[in-house]
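If you scroll down you'll find the structure; I have some questions about it.
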Amino acid sequence: MTEHVYKQIELTGSSTQSSDDAVRVALAKASKTLRNMHWFEVTETRGHIENGQVLHWQVTIKVGLRIED
Amino acid sequence: MTEHVYKQIELTGSSTQSSDDAVRVALAKASKTLRNMHWFEVTETRGHIENGQVLHWQVTIKVGLRIED
Amino acid sequence: MTEHVYKQIELTGSSTQSSDDAVRVALAKASKTLRNMHWFEVTETRGHIENGQVLHWQVTIKVGLRIED
Amino acid sequence: MTEHVYKQIELTGSSTQSSDDAVRVALAKASKTLRNMHWFEVTETRGHIENGQVLHWQVTIKVGLRIED
Amino acid sequence: MTEHVYKQIELTGSSTQSSDDAVRVALAKASKTLRNMHWFEVTETRGHIENGQVLHWQVTIKVGLRIED
Amino acid sequence: MTEHVYKQIELTGSSTQSSDDAVRVALAKASKTLRNMHWFEVTETRGHIENGQVLHWQVTIKVGLRIED
Amino acid sequence: MTEHVYKQIELTGSSTQSSDDAVRVALAKASKTLRNMHWFEVTETRGHIENGQVLHWQVTIKVGLRIED
Amino acid sequence: MTEHVYKQIELTGSSTQSSDDAVRVALAKASKTLRNMHWFEVTETRGHIENGQVLHWQVTIKVGLRIED
Amino acid sequence: MTEHVYKQIELTGSSTQSSDDAVRVALAKASKTLRNMHWFEVTETRGHIENGQVLHWQVTIKVGLRIED
Amino acid sequence: MTEHVYKQIELTGSSTQSSDDAVRVALAKASKTLRNMHWFEVTETRGHIENGQVLHWQVTIKVGLRIED
Amino acid sequence: MTEHVYKQIELTGSSTQSSDDAVRVALAKASKTLRNMHWFEVTETRGHIENGQVLHWQVTIKVGLRIED
Amino acid sequence: MTEHVYKQIELTGSSTQSSDDAVRVALAKASKTLRNMHWFEVTETRGHIENGQVLHWQVTIKVGLRIED
């Protein structure tokens, strides 16, 4: 009962809006096929530049999924 | 005079709004009992997920406090 | 043709608004003298505190510049 | 023949008994659906606390699986 | 309500029995003066040696405490 | 459109020829079942030794795959 | 008896003299209010510059304190 | 007199029993030829898997030996 | 005379041939404008993939340049 | 006004006197051509040995320079 | 029988040919005096530069040796 | 001829004088039995405290020794 097992996967989302939004984009897309996502941890924040401005943010997260019985 | 001594503590704040706001929440709470907080450094950005969305952001910071004479 | 060479420099921007904005400030200033900035990676997020509030965010980024032929 | 390819996945197991047991729990659950697990490496040891005692250990491992031909 | 703030402290416990027991010793001692300890993370496992045997294990943990309102 | 989401997986390839070849072996095997592999990053280079010579190289890579819509 | 518990705190001292002296300054100040400091470990060495010279050294140390019974 | 010099060596022990026992096995074997082992630090915990169970634990430690005068 | 000062810069070279060749490409390009490059250290090895094959290797190096008097 | 931008460069100084002096040597040389150096951080301390003695210390620092408007 | 103990040593080999060859050079030299070398792991890849070209590669490896009974 | 092989060992020296002196103490002791020590790198700086003062500095270094033909 308390002995849950989790699998951790790594996703990279991107957004033209903000670094936080890149996380939301990654989770929204992943939630279409993955169930039981419980937590995330940001492991890398990058981005592309065009004309001296942030074209889009790219944030990589580790996501913990509970494996169902 | 220039030989100040600082103590560093580690705090984790959480917010449903944004990762930046989680930092502000941690500082606001800590400022009720701690004086002389001077700088912070983000050491970890995590969060909880519900239904494929960020339920709340959890950001851990190191905070430098000047020790008073 | 595909064998481009990049140089990576490290910049620290600051902003009273947000951590993302500190990145934008660094890129805007650097773009006045540097051409061909292509990508960035956040390596450190810090800030100064005054009266328990974030006075300004300081974000350090590595920026990749393509060396022209 | 000697040129095997492995995939590495990351799992978190938990146990009220011991940190070693949390590894065993993760492997036992994973072995129901995964074949060819060959080695593991502990990457994080955490736990939850209740009344000053360890409620359960949470150990994260990387597991190497041989990809079959 | 969901915007709890945690403080993280670092403790080192020692035990002649086992590495897990060194964690339990640290938590038992700390719980005499600290309330609201919620989680821990092992950051270092060391020990002393005498006559080729482990004299005692020394395990360092980060402990998260919820700051009360 | 610009908001692609990537998944990162970790593979270990081995080769008797060279460390670069171990990367190629991992990608060739993975490409039989995975589509949309875009980039890789080397995270570990190891090998086995026999009679003072490299028996085979073992290189671990993170591979980024674009998740299709 | 051998099962001591230690708490680790992080301090930053500064000195116009030398990096070693910055450690001594931090310990001298801390010893006014803290008892039972047993060991330290240097975690960061920084400094401020004025006119191309070191204005003062800033050294951060972890200090281990034995928790008394 | 207080100015001892230590040499640090790295050993990997294995055990079918537990991760702690793998440390004891490494020390027991090393103590047959090495004198003056004083402390150790765990640097890696791995293991081999067979049929979804831990076949044996492999723990790597750094060991500090005092160099005799 | 023995008190040389070096500046370290970071470059990323790419090559369709091999990871070693990506280093050579970076140095060849940099040597057109930089004098006194003395040593390098590889800090990252990445690459792009097309149809399951390495399209080109991208290797990042730190290069030490002696500052002339 | 408060939104300064800094560039960080990496320098290695050497000295036959002491590790602190190697930092001073690097700053003295760099100050001949660089203005606005504000802070430094030690990232590596090495040295060369001759006849069992330190021939010279080599210390690498990151230096933050304020970019002028 | 399964409870082997390994010792890990660190070697640096150099080669004018390639980074892989620097590993082979280190192993070939070490095998003249060391028996039972089983595996290696690359921990650093450096090199010296002359006239904008790689003069020789310097690769550091950890080597695992089985301690004989 | 240019293809030298080096072995790296790890030593910890201590001194009541300074952190630099702890390095010198380690090298002086090691030079009694080891030939061909060429370079060192500081990997850890610690110390013991008594009455709020540094009792002695403990500095750990990696030392590179050229293996003779």
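Which chain is which? They are A, B, C, D, E, F, G, H, I, J, K and L, in the order written, and residues in each are numbered from 1.
Everything that follows uses one rule, which is that contacts are C-beta pairs under 8 Å (C-beta built on N, C-alpha and C of every residue); 3 or more make two chains touch, one makes a residue touch a chain.
No experiment lies behind these values; they were computed from the predicted model shown.
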Legend entry - Chains touching both chain C and chain D, listed by label: A
Inset, instruction - Identify, among D-F, C-J or B-C, the interface equivalent of F-K, where equivalent means over half of the contact pairs coincide by residue number. - result: B-C
Inset, instruction - Averaging only over C-alpha atoms, locate the centres of chain E and chain K and give their separation in whole Å. - result: 38
Legend entry - Distance from the mean Cα position of chain G to that of chain C, given in whole angstrom: 32
Inset, instruction - Mind checking the centre-to-centre distance between chain A and chain D? Centres are C-alpha means, answer in whole Å. - result: 22
Inset, instruction - Could you check chain I for residues that touch two or more other chains and list them? - result: 9, 19, 30
Legend entry - Chain-chain contacts as defined at top: A-B, A-C, A-D, A-F, B-C, B-E, B-G, C-I, C-J, D-E, D-F, D-H, E-G, E-H, F-I, F-K, G-J, G-L, H-K, H-L, I-J, I-K, J-L, K-L
Inset, instruction - Going by the contact rule at the top, pick out the chain I residues touching chain C in the complex. - result: 9-16, 25-26, 29-30, 55-56, 60
Legend entry - Residue ranges of chain B in contact with chain G within the complex: 2-9, 62, 64, 67
Inset, instruction - Using the touch rule from the top, collect the residues of chain F that touch chain I in their complex. - result: 19-20, 23-24, 27-28, 30-32, 37-42, 63
Legend entry - Touch list for chain F against partner chain K, complex: 18-20, 44-49, 51-54, 57
